[in-house]
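There are structures below to look over.
Each of the two complexes below includes chain A, the first together with chain B, the second together with chain C.
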Partner chain A sequence: MQENNISTGNFEQCQKCSLCETVCPVMANNPDYGGPKRSGPDGQRYRLKNGIFYDDSLKYCLNCKRCEVACPSGVRIADLIQQARIEFSQKPPRLRDIMLASTDQMGPVASAVAPLVNFSLGLSPVKGLLDLTIGLDHRRTLPKYSSETFVHWFNKKAAARQDEFKKHISYFHGCYANYNYPQLAKDFVAVMNAFGYGVHLIEGERCCGVAKIANGMIPAATRDAKANMNAFSKSLVKGRDIITVSTTCTMTLLEEYPELLKVDNSSIKEHISLVEPFLYKAIASGQIKPVWKEGWKARAAYHCPCHQERLGLGIFTTELLKMIPGLELTELESNCCGIAGTYGFKKENFRVSQLIGKKLFDDIAAAAPEFVACECETCKWQIEMSTGVPVKNPVSILAEALDLEKTSELNCA
Partner chain B sequence: MKFDVVIIGGGLAGTSAATELQKSGLKCILVADGLSLYNCPKNEFKAAGGTVLQGDRVVSGDFEDGRLLRVYTAKLGNEPLEAGQFVLATGKYFSRGLVADMDKVYEPLFNLDVEYDADRPSWFDPSFAAPQRFLEFGVKTSGALALKGGVPIENLYPAGEVLAGVSSAQGDATEQILNSARQAVRAIRKTDYAGE
Partner chain C sequence: MPSKNEFDVIIIGGGITGAGTARDCAMRGLRVLLIERHDIATGATGRNHGLLHSGARYAVKDSESAEECIRENKILRSIASNCIEDTGGLFITLPEDEEAGFGLDYQQKFIDACQRAGIEARAISPSDAREMEPSVNPSLIGAVVVPDGSVDPFRLCAANVTDAAMHGAKVLVYTEFIDFIREGDTIQGVQVLDTRTGVKAEYRAPVTVNAAGIWGHGVAEKAGVHIGMYPAKGALLVFGHRVNNVVINRCRKSADGDILVPGDSVTVIGTTSTKVPFEECDHMEVTPDEVRLLLREGCALCPSLASTRILRAYAGVRPLVADDSDPTGRSISRGIVCLDHETRDGVKGFISITGGKLMTYRLMAELATDAVCRKLGVNQACSTAETPLPGSVDGRIETVSKRFEGKVTLGQKGAAGRQGDLVGKLRFDSDADKQLVCECENVTLAEIKYAVAELGVRSLGDLRRRTRVGMGTCQGTLCIRKAAKALAQALGDPSLEAKLAADYLDERWKGMRAVGWGDTLREMEFMQRVYKFEKPYSYDEI
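For the complex of A and B:
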């Protein structure tokens, strides 16, 4: 890549080869969308002259970033599109978009009355009403909330013993593991503890902000980003690397903060790692040793989430899972599931969302695994709703397949 | 991570060499940087058990005693890809397998020896349809091996358009590219069997 290039998102390197268009999941299913080349680098030339060239169809981009993975010239196509939306979109976010995006404002409220929320969001009259009033599609299964947040559980049940370990890491749990599915975070703590790492929360952790970026709430997302950077620097002072479990949060912290929110993250880039690369490297280099359960067997199909494709770290997940002796793993062809965070919840996107995911759903049905292995929380919602096949995070698979007691004996001595 | 063969470049030469090598029982990884082929050929490679790094690119390599030991990619960072054999199929100028400066043509990844003419005006013919010499430039070889500083690298096999004399502008381009890939595959198989 040209190093002296100063064009935004490297757009002048676009050679019009159109490879990005062949991989865009939206373009294949929604004729109203102009596609990544026209919306990104082509449109950028016009928008630089005058903002009136901004086209509202850019909202159909689901920011999967497959165009960037395909681009042979290193153009940050999806970033250009998101940047243009931030800069030129005149439409303020709707009430629905604000509700969907404010994961860490909605979370505490919904968790406090979780049984009521879960019960009512499962009722078809309620879903019909939400569809009519705010445009939340009634066919979508809505995420469940947990009545006890992970943080609450951790402080009550796990925090006290974390200082006993010799090695320590900070854990960025994200909103999903905290409010919706604390079991994932509990599995993470169990696995890391078994490998001899004390797990510590990051004081002042906020939502990574990805849903706010997607819904045009840039000032709020920037506030989250700055607060997180502050919180991270305190963790780094203690010499603890930051381990994450969500691929999308990780991509946001690493890529979107500097590119879209203009928040400098250079101090943490070397110190943030997804859990799968972290564990793979530690096991491969012999720093930690897994003991697997005798006789544990499962058959899984791995779906690589789009943002993991963009990070390019999916190989660590598959190589880590291949270490499990009882796991028969097939890899699904790389395709978008269609949900893209909050995108698929919106009434106007539901049909396209399901069309995009169809190839993946068919492949899963053909592979007929016991479960799908996938790092992404929103892929999990989409795949479980659309195929009925359960989806497990690699961390939860490790928690099941490891003999935690023996692993702990071996690594904590 | 350790593999038998690392294939750098996911175009026609890289993908076909990778698939052949994987099918003959070698553990292969394809770093599909630059302009790369999409689903059909890659799925065949994956179905044979191969690993693809899509959208990543090799940025450097460690050489020792005339051998390439390992390569590093942009996205895997400090985790190297180690292998016994390497195929270099990074193509010509568009996919940055070669770079043309004002005064020279060079191979940017490993600085391998490149065949080109020092006389720049002779690189091209102003007539658009005429054969263009710059398309003939490429990495020099000794047998199937790449040359670096005049010395063959004993486990680095260039294939496809990165090679001198192989060019997509020729009528039998596909055949030439596939032939060069086959040559690399044959050479690697030979060393592999000899090693057993």
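For the complex of A and C:
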């Protein structure tokens, strides 16, 4: 009698079963937040009637998207909330939010004077000042900047030999690996090269824009998205798939561009992959073969980032890590770490952020691993700060556990 | 000293006409009794589009109705601001209308007729129409903007009853009219039955007004008077959310399913028109054919309805009246019918007010009250057109919601929208009071307590009509036990809880069954699972 039910973010599919509320980490820790059902599909009905029904508490949503994973009806609850914030929030982003969100603007400046920045951001008077003036919580350990960006290193040290490989991929490094932690990107290049892939930068790569979306800077995020789409299409002409390392960047490119920024990504969707599924599939199908270091041993606990869970890709990471003979892996129960990108840096969210993460921190302490394996950079900051246990990206674990030379001999012949 | 069972006027029927008449009579200083066998607004009053007609729909065929509508439209905007929403309306012309002889020539004729009736109507381009209402059928070839709006009939009826009571009227709901007390050719009062307790009572007044809608036919018969009434069923569908924010009509001869009204949190399409026997008036079911027809016509106005969830279907009965001037009884009067049965039938002390529409209820009430006053020899002018209804003195949600201290919650905004400036009566004393009971419609425990204490609520259906509790997507599945508990406690009998909830869900189920497919079917299955009841659904037929 009727065609399928179609509505923005599928909000009409909501049956009010309230499953989303049972998994929302914020709702359990912040009574001011109405929860995903009320903020998402329920709120949407009333916002369609009158914008006065926009509720300011939607800012407490940390966009972990656990509600969307739980929803048996396919409602894009977190998207509805982000969308409503974009459409109705009257408050312009604060200076702090702009600074946190503009990872690509702050990066080059901070990297240029990295020792000074890292030194001052570690000082408690500076942190106190930042807390008082712009509302960056003083208890938060701030990410360090690298004095040499990954791109600078790559062009100087690695770019020249990439054309020698038979297979090629494009690498979307993102802001974090470029400005804060180039070692991750270097590990990525080492692993990919060992498996016989030439790594190429994407000319014109911009920040994925996720932090700008979260902080209400939609025009700037949309500009980034469009520039990236343009850069990707040039890269695809060369027949290279785009490989990413950051979970959240990947989710943004795949999901948030069309849903929130209304930037069409259908032409590249099939050609973007996170590194873990890419490598797992290639190894499982026999296209590439790893050679592991003899005697390498480690004990790790895997934390699946919320967005990895939303993408449904955590399983590839664990299966990939389980291939490492010397790795003893504990899979932690799926729980949000609480930082959610820039969310946990904000003074008003710090307490809730740490409350949300508590279960995960306790589980990590109980598992007592040498390190935590996790794909996400902001989870890394949060877990390291809150538990003292180091966090390693699976790519870096591979770089350690692989016998890179022998792997290279086997795969590059 | 008159006994407590004696009044100046007894009004039978708690629909909008009876409520409006009770208010008018009470404001003119009469001692009023209003009786209603169910709750207020349970008949045709609560079972229509909720369209605040501009009158444009009648302009070409019936200029008198059109003029009445636009006059009342303007009056309601000023006295019932809390009950109406100024959405504006569009009359669109589609390519198929042109083929059927209702093209742009007709559009011009329509605009001219509107202007003659005093209705502001101006043609806009199809692209402007698409901009004004993005959901409109994009293939339209013409559009006219008119001052249509939406009106919440429950709220309007409740406000009239409340005001009548504030002016001293006695209001008895769940009180059924049994028979008249008659002395020769004079009606002297009524015998009634309290349907809750089974207790009978008698009330006396020199004048009785029959404002019982389609059921007025039977009331008149009891007085030995015949009003040639025709029950005309009208079916409507409620969509799960607002699809349009502007009323959309077809610019052609009135037909089935050609009005789409955004009302509160939903959109309503209607209606059909089928003559039904009197026996069916109490048990309206919407048929698959009606659903199909409404969907088809609705999609012509707004194609996205084809893929929008339908919450439920319902039907009402228009009280159509045969024109007294036509001896065959075939010709139907669409206008207001106010009958003084003394001059018409030789029965003294009895007036019937019927016909008309929700839009013209105030005028109907004025005419009926004028007739009452003439009989009583009271010389008091009507002031209902100038006096705002309770809740509507300054009833706009934007103003009312500013009255709360601190951060205004969703529940408070919701209550502001529904209760208007009476929202100050809600007590948010504890955290529990602020809690939402109905999350779909933002109804707090405080609003429920207020409705139970002040608005004459006896069942969850009554509560729904005052607060929208359980009217949203889940149709009560998630909230009704909470509401039932609060109501049972307020009624002083906690054991009523399960019965109250079951009655409510039965009624919701009936409306969902007619559209039981897709997400609505899933919702029904969810409801069934939560409450473990067994009901057949009829989606196979559809």
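Observations, loosely collected:
Assume the second predicted complex is superposed on the first by the 409 of 413 C-alpha atoms of A that agree within 3 Å, B and C clash if a C-alpha of one lies under 4 Å from a C-alpha of the other, contacts with A are read in each partner's own complex, and residues count from 1 in each chain.
We adopt the following convention: contacts are C-beta pairs under 8 Å (C-beta built on N, C-alpha and C of every residue); 3 or more make two chains touch, one makes a residue touch a chain.
Source: prediction; values computed, not measured.
When the two structures are aligned on the shared chain, A:69 is found in touch with chain B, with no touch to chain C. Contacts of A:334 after superposition on the shared chain: chain B is touched, whereas chain C is not. Applying the stated contact rule after C-alpha superposition, one finds that A:49 touches chain C and leaves chain B untouched.
Contact with neither chain B nor chain C is seen for A:267 once the two complexes are overlaid on the shared chain. In the superposition on chain A, A:141 contacts neither chain B nor chain C.
Measured by the number of chain A residues touched, the leading partner among chain B and chain C is C.
Of the two partner chains placed by superposition, only chain C is touched by A:18; chain B is not. Looking at the shared chain after the overlay, A:287 reaches neither chain B nor chain C. Of the two partner chains placed by the overlay, neither chain B nor chain C lies in contact with A:233.
Shared-chain residue A:133: touches no atom of chain B or chain C. Shared contact residues of chain A, touching chain B in one structure and chain C in the other: 15, 17.
For chain A in complex with chain B, the residues that touch the partner chain are 15, 17, 19, 22-23, 68-72, 277, 281, 284, 309-313, 315-316, 318-319, 331, 333-334. Every residue of chain B that touches chain A in the complex is listed here, in rising order: 1, 33-36, 38-39, 43, 46, 51, 53-56, 73-76, 79, 94-95. Of all residues in chain C, those touching chain A in their complex are 240-242, 245, 262, 264-265, 291-292, 295, 304, 306-310, 397-398, 401, 407, 409-410, 413-414, 417, 436, 439-440, 442, 472-474, 477-478, 517-519, 522-523, 526, 542. Those residues of chain A that touch chain C in the shared complex are 1-7, 11-18, 34, 37-38, 41-46, 48-50, 52-53, 55-56, 73.
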